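You will see two complexes here that share subunit A, one where it goes with subunit B and one where it goes with subunit C.
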Partner chain A sequence: MLDHILSILIFFPALAAMFGFVIHKDSIRAYGIAVSAIEFVLALWLWFGFDSAVSGMQFMEFIPLIPSFGINYILGVDGISLFIIILAAFFTLIGIASLTDTKNVKNMIITLLFLQMTMVGVFVALDAIVFYIFWELSLVPMLYIIGAWGGPLRIYASVKFFLYTFAGSLVMLVGMLFMAYFYYQATIDPMTGVGVWSFAILDWYRLILPENFQLWLFAAFFIGFAIKVPMFPFHTWLPYAHGQAPTIGSVILAAILLKMGTYAFIRFSLPLFPDASVYFMFPIAIIAIVMIIYTAMVAYAQEDIKQVVAYSSISHMGVIILGTFALNVEGITGSIFLMIAHGVVSGALFLLVGVIYDRRHTKMMSEFGGLASVMPRYATIFGLMLMASVGLPLTINFVGEFLSLLGFYQQSHMITLIAGTAIIVGAIYMLAAYKKMFFGEVTNEKNKNLPDVNKRELVALIPLSIITIWLGIYPKPILEPINNSVESVVQLMHDKAITDEAKSRIPNLIKEVEEVEISITSVEGAH
Partner chain B sequence: MEMFLYIALFAPLVGSLFAALFAASPKTLIAGVVPSLLLFISFIASSILLAYVLQTGGAIHVEMMTWMATGDLYIPFGFVVDQVSVTMMMVVTLVSTVVHVYSIGYMDHDKGFNRFFAWLSAFVFSMMILVMSDNFAGLFIGWEGVGLCSWGLIGFWYHKESATWAANEAFIMNRIADLGMLIGIFLVYWNTGTLQYEQAFAVMPSLDTEILTWMGIFLFIGAMGKSAQFPLHTWLADAMEGPTPVSALIHAATMVTAGVYLVVRANPLYDLIPDVGLFIASLGAFVAMFAASMALVNRDMKRIIAYSTLSQLGYMFVAAGLGAYWVALFHLMAHAFFKALLFLGAGNVMHAMHDELDPFKMGGLSKVMKGTFVMMTLASVALAGLFPLAGFFSKDLILEVGFVQHHYIIYSVLLFTAGLTAFYSFRLVALIFHGEERYKLFGIHPHEAYKFMLIAMSPLLLLAIVAGAMKMTYFEMVTAVLPATEYHIHSEITYWIMTIGTQLFVIAAIAFAYKKYALSKVDVPDGSSDMEKSFIYKLLYNQYYIPRFYENYFVKPYREMSHAFWKEMDILLVDATVDGIAKFIYNTGENTRDMQSGNLSTMLKWMVAGTVALLSLAVVFALAVRYLGV
Partner chain C sequence: MLEPVNVSLESLNLMTLAPMLIPIIGALLILIIDIAKSNLDKTLYVGISLLFLLIDFSALLSSAGVFAQDGTIMGVFDLMLIDGLAILSQFILVGASLLFIPLALTHKRFHEFSYPEFFALFLFMISGFQFMVATDNLILIFVGLETASLALYTLIAMHNRNKSFEAAVKYFTMGALAAGFFSFGAMIFYALTGSVELGQIATILEANNYADMGYVLVAVVFMLASFGFKLSLVPFHTWAPDVYEGASAAMAGYMSIVPKIAAFIVVMRMFEFLINSGVVWLEVVLYIFVVVTMTAANVWALVQTDVKRMLAYSSISHAGFVMVAILIGTTQANSALFLYWILFSFTNLGAFSMLWISRQKHLPVGQSSDHSYNKFAGMIKTAPVAATIMGLFMLSLAGLPPFALFWGKLYMISSAVTAGYTVLALIMALNSAIAGYYYLKLIVYMFMKEPVVNQDGTVYVANATMSLKTIIGFAAVGTIFAVIVVNPLLEFITAFVYNSGY
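What follows is the complex of A and B.
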């Protein structure tokens, strides 16, 4: 069964969602929990079967679709994607388990299961077209979630979310077609004059492109990814989407969907275009700095707690981008780890915002104050997540943030110093928000008798709290597989790089091995 | 021995978690007693470790597990107990045990009793990590951990606006410094390839001086935040919003000395860059006087002691900066004892006075609070540096260091500050304990603190008196790992003149304070006296207007800029552009819809127009190709 586990992971939720239509709506919740629990167990099984020592793709599957165009159903998983898949399964599970009583629960759960299919699909697809299909399909359930269960501006927000990201993806698609064409050109057999079409990402990895081609293609992919992340100045859809989406929508969006963009940078941009990555390193780093500082300041100005968390997401994504473009093992490993960490922490924060929204039906911070004495357990969990969000050591975020910044420090001291203000500006908006909501006297009558977090909410929040601390203290189980896969990416980039600058900026990891080889020949020479 | 190391380290954590179990429930005495006991156990374990280190002269080094490992980076949870860290462990566990027991009485009537002990023990655990770690990353864990606990404890009474404000201020200001620290850590890693102290320091002598200088500067920036050195000092005085035991433990004895500890720990680095050391020393001397001057006129008992802490931290940095690491550590230790004692005494006074902090509203309390009076007086004597109490040995030594190394400016500043210290300390003692009983005007009936609180304080009193006698034992111990420079003034006569001169100067300052505040009539100031109207008084009373400066030139602009970024930039520029593009495309579609109206004659017209346009384009291109050869 492990041979096809990736296909099962993708299509099991979709199939279950189909069956969901015939399930009675009273039992749909139990059904949804059961399905997502099975999916989560499958994801854990994948981890169990995963060999951390192997850096390449595992559990590969191959089914020809349109072989003449080189479009095939290729799946595979490595250390880079493994944990995001587990995270997706985990968040779908706790999302459904902690779902509050909304209208049309049945539709919501079916939509979530479809969404899960697309999310897993994106992270395991190794064929660009299959990747693209899942990438675009993921928009549809989200569009529906925001549009059907959102706030007053839901139509505007959902259409904006859809069109904006869709427009970016189209540019990316053009880039993909060009890549396939270049592959065809490169593989033309001089005898027959016929090349091979391929959309397989692993095939593309072998392609060494001239620098100017790299630059154009990098830009094409960049637009698609940057809107998804979202990077400044393409970020304005996000506050609307979060502002209008129901809690569950925000949780999935922040925890998983945003990671598609940063994941794609590591899956596509870096290994395919190493020279362009080096070329654009500093412009992107500057965008990352703007994301970190500017959005953190905007977050500080917010009056709505959900918007604070939304903007804080962008700020953290800036650190992730910076780590990715450190182009060394420390930085990229850190950025992937931070993707997981940010998923856990921002997901938890959105759930926490949902908790108070369910009770008061407002998210304005001025409505609250003094909640620490009314809801002490809520305040404690919020405090923990807040400290994780500001990157306190021994919480999950610190590991990722520390490694990302440490990695980029090798490339530029000055930029890292400026980007490091993340730890200051992050503390400013988070502490200010916490103070407004939880400290002071309870002045608003409506807050006097709020019930503390209930069992259903704890089902979601306790595991997240445990993960936050556990992976902060002992990140090794995750860090090790990520590290191994990242090492192979970095080495690939170094080998492929053609410009001198890229060669020098991207570290060569097998230096020591070469030395060993030299010593062997010298020994033989002595004979 | 490893077992004792783990006991010393983790007992406070267990205590904290135990108290946290009761955090949401009403006061349970056990939530205070168990953490205190565990801390005492931690203290015993530390003492055993101290005995071991004294006996063998070696260090205990353990590696618990890997924390982070990626690429070439390898960071374990590793701990080392050597002469330096064991000194710190003794100070931390001893003072915190005392403070814990004291707090059982002090927090007696507080609703958050259980929560208080959870935070306080968590603080001790973080502090132990800070001092025991064998690498910079571990140090940083403790560094941030104490920051967190300090945040939680300053803002302990979270219903008070001023308390939560001060908590956030402390956290954010420390974060600013932590960035410097983080950059320092990055520098260490990328230049030495490791974060382990031992290996990193071993590589450092072979590095470029410029890189080392930057390393030293950035790490010191981190130290400046935790130890509240200028210009990051304002949080410390505001931190007095926290409960007084917190001030005693965190903001006097332990956390604020973390910066000094860092410089001492990194002595192989700072030895290589004496210029940075000199800067540290100069800044320390400046802060010593700067803080003491603010203490002269302040009317808040706790703030006066806080400024005095700041001033003494300056002394420690002078010693550390001038390479006299063991002297710095010695003063750190002595200071921890008498300053914690002073703060706990102040806590007794506060309780007696129903949280009144203005010493001008007290007076004559020595009659009702004999025990506290004796303790605070002796602590002040120690602080002033009078023979034979602890402060004499440690502080005088710093003066000698300055003198022997020919830094006469630093020396004179410190000497002058010693006078100021004596004056403000005894101004406080005189105002609280002597003179008329002014509190009667305010209808307060003071009473002495619980007996067990006074007993709990007595170990500190003892140490404040005798710590000086341990100087030589201490010297022999720590110089196993720290540079063993002895600071002797060559000529015996000079030495005696200086020592006696200093003592006389200090005694004169004390006498002046007594004359002014104990023997003559003191009125509660109401802003009408000439002194209060003078510029200098206002300057000092307003802390040189620095907090106001920060408020006006950093906090406010940041807030306003944030708003502008949101309202004007994000909404009106970035988002409006996106919507504008969308609208443009939409309108183009709307406006051209008429073309496809289905009306045959209109569509024919458009067709003709299109044909003409395409044809003319073709002609233009053809001509261009022919004549221009494009």
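What follows is the complex of A and C.
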């Protein structure tokens, strides 16, 4: 069964969602929890079956889809994607378990299960078109979740979310078609004059492109990914989406969907275009810095606690980008770790905002104050997550942020210094928000008798708290597999790099002078 | 004394006429039955039409088999030209007609279907289109085109809305103008080369190296205008939304597919050699046509308040998208045209059929059109299955993977990339993004708004019968699982297009 576990992980939730239509709406929640629990167990099983020592792809599957055009159903998992898959399974479970009574709960759970299919699919697909299918398909359930259960501006927010991402991905699709065409050009057999179409990512890895092609293709992919992350200045859809989405939507969006963009950078942009990555390293680093500082400032100005969390989430995505574009093992490992950390922490923060919203139906911080005395357990967990969010040592975020910055320090001291300072200063807005909500006297009558977090909410929040501290103290079980896979990516980039600058920026991990066997194919003939 | 004419029947290859004659026989049979006994139920005529279309389809299968073995077949004094393009396009023509005819079996009575003439005309029309694609003789193309068009004008006018007459007259006027343009362009070609066969014209023009370039360009302008009308390219599109609105939804869906594929084939035959002649001017003009048609139609579609008009503009945009294949002219592009159109006919016919089953006998109270967006508001609450299927068609039209039209778009954009049209590929991609908005608008109405006009879900399936549901189910399944058929389809199409020399 482990042979096809990736397909099972993808399609089990979708199949279960189909069956969900016949389940009575009173029992649907139990059904949803059961399905997502099974999925989570399967994901854990994948982890146990996973060989951490292997850096390449594991559990690969191959089914021809449109072989004459090089599109095949290829799946595989490595250290980079493994934990994001587990995170996706985990958050779907938590999300469904903590789902408060909403209207149309049946539709919501079925939609979530479909969403889970697309999320897992994105992270295990090794064919660009299959990747693109899941990438685009994930928009539909999210569109529905925001549009049907959101706040007063929900339709605007959901359509903006959809169109923004859709437009970006179409540009990316053109880039993918170019990659396939270049691969075709490079594989043309001189005897027959016929090449091979392929959209397989692992095939593309073998392709070495001239620098100017790399720059254009990098830009095409960048638009698709940057909108998804979202990077400044493409971030404007996210505050709307978060602001209007129901709690569950925000949780999934922040914890998993945004990670698709940063994951795709590591899966596509870096190994496919190493020279372009080096070329754009500093511009992107500067965008990342702007992202960190600017969104932190915007967060400080917010009056809605959910918007604070949303902007802080964008701010931290900037650190992930910075780590990714350090282009060395520390930086990329750190950014992948931070993806998971950011997922856990911002997911938890959105859940916490949902807790108070369920009680008061407002997210305005001015409505609160002194909650610490009314809801002590809530205040404690919120405080813990907040500390993790600002990167307190011994919490999960710290590990990722530290490694990301350490990685980029090797590329530029100055930028790292600015970024590090920005992250520390970023603590201000979080602490200020915490102060406004939890400290002081209870001034608002309505807050006097708020019940503290109940069992169902604890079921979701306690595991997240445990993970936050556990991985903050002992990150090794996750770091090691990530590290192995990242090393192979960095080595691949070094070997593929053609410019001298790229060769020097991307470290060579094999110290001995030994040429790695890699088929160098030229596409000078294209156009 | 003249030599006695000596033609052996075998050299005439009369079998090449079989696929066109079958619907004609069917039509005549219907007329005879009507004379013998009138007031028979429409189910009989639907049955007969289906039967003859199926026979037609199997005749096509056998000629496809012959083509795969022996290559292009000429017949009837080389009038008929059965090559891969002809066979593929006839498959689409007859296939789409097979999907259309059962839509006549509605729950409500619409008087056009009670006339046997409707079905007879319908079959005559198919035969006309079949003639049009299976020849490279300009005269026969003209005859086929006019047979089909005149039948089609009548079919539109038979619908029971006031706007139907307007639509038919508008279409007729525009069509007559287009026919005039066509004959004028053909005349110039004849004057230049002394031939009415496109193959001959190409050879002669190439032999004298396009000496009379000015005249060729005039002819091309007339041809372009003529087919611009037929394919509803901007700025010759103005009739299309009104005609779609006036025609019944099923007929509008049919019109967005069948007449256009026939016109595409003729355009492909005609412009293939003209573009290759090295006339930069023609390429530039086509480039502008393609981009303007895609973009402008998309922008107009954004502001429509009626779903059917929106779909009309979207069909124009899709036609512009496919016109890219004519501009590029590589084998991959021409194959992409067929792939796109096959997948498009599934999806678009499905979408129009969804409008058709929600059609009421009379205009809804307080509404100026049959299918306003408001009508569909909150549909997920009252008719969830219908809403989901409609949403599915919209997503497919928007080009969302893995639904049918995505694969067509993918291959089409890829052919632009391969041929070096980078900017065009980007324009195509971005146009798909613009188009996303108006398809999404309907989804937003259906899934995210509260019901305004219709509190009762039965409205959306008012016209539904078993046969309509079957067609829609067929289209929906085809839309979802298109990925399975794309590979065999692509191999089949590419082989046929390649072996026809396109």
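As a convention for this text, the second predicted complex is superposed on the first by the 510 of 527 C-alpha atoms of A that agree within 3 Å, B and C clash if a C-alpha of one lies under 4 Å from a C-alpha of the other, contacts with A are read in each partner's own complex, and residues count from 1 in each chain.
Here is the rule we use: a contact is a pair of C-beta atoms (placed from the backbone, for glycine too) under 8 Å apart; a residue touches a chain by one contact, two chains touch by 3 or more.
All values reported here derive from a predicted model rather than from experimental measurement.
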Key: First, second, both or neither for A:Val298, with subunit B first and subunit C second   = first
Message = Once chain A of both complexes is superposed, is A:Thr192 in touch with subunit B (first), subunit C (second), both, or neither?
response = neither
Inquiry  = Looking only at subunit A, is it subunit B or subunit C that touches more of its residues?
reply    = B
Key: First (subunit B), second (subunit C), both or neither touched by A:Tyr409   = first
Query = Touching A:Asn449, do we find subunit B (first), subunit C (second), both, or neither?
reply = neither
Query = Taking the superposition as given, does A:Pro475 touch the first partner, subunit B, the second, subunit C, both, or neither?
reply = first
Key: Which superposed partner A:Gly147 touches (first subunit B, second subunit C, both, neither)   = second
Key: Which of subunit B and subunit C A:Ser373 touches, first, second, both or neither   = first
Ask   = In the superposed view, which residues of subunit A touch subunit B and also subunit C?
value = 163
Key: Of subunit B, residues touching subunit A in the complex   = 23-24, 65-73, 137, 140-141, 144-145, 148, 151, 155, 158-159, 161, 164-165, 168, 171-172, 175-176, 178-179, 182-183, 185-187, 189-190, 558-559, 561-563, 565-567, 569-570, 574-575, 577-578, 582
Task = Going by the contact rule at the top, pick out the subunit A residues touching subunit B in the complex.
result = 160, 163-164, 232-237, 294, 297-298, 300-302, 328-330, 333-334, 370, 372-373, 376-377, 380, 387, 390, 392-394, 399, 402-403, 405-406, 409-410, 413, 416-417, 420-421, 423-424, 427-428, 431-432, 435, 438-441, 473-476, 479-480, 482-483, 486-487
Request  = Within their complex, state which residues of subunit A touch subunit C.
outcome  = 64-69, 129, 132-133, 136-137, 139-140, 143-144, 147-148, 154-155, 158-159, 162-163, 166-167, 170-171, 173-174, 177-178, 180-181, 184, 527
Remark   = The residues of subunit C that touch subunit A in their complex are 395, 398, 400-402, 406-407, 410-411, 413-414, 417-418, 420, 422, 425-426, 429-430, 432-433, 436-437, 440, 443-444, 447-449, 483, 486-487, 490-491, 494
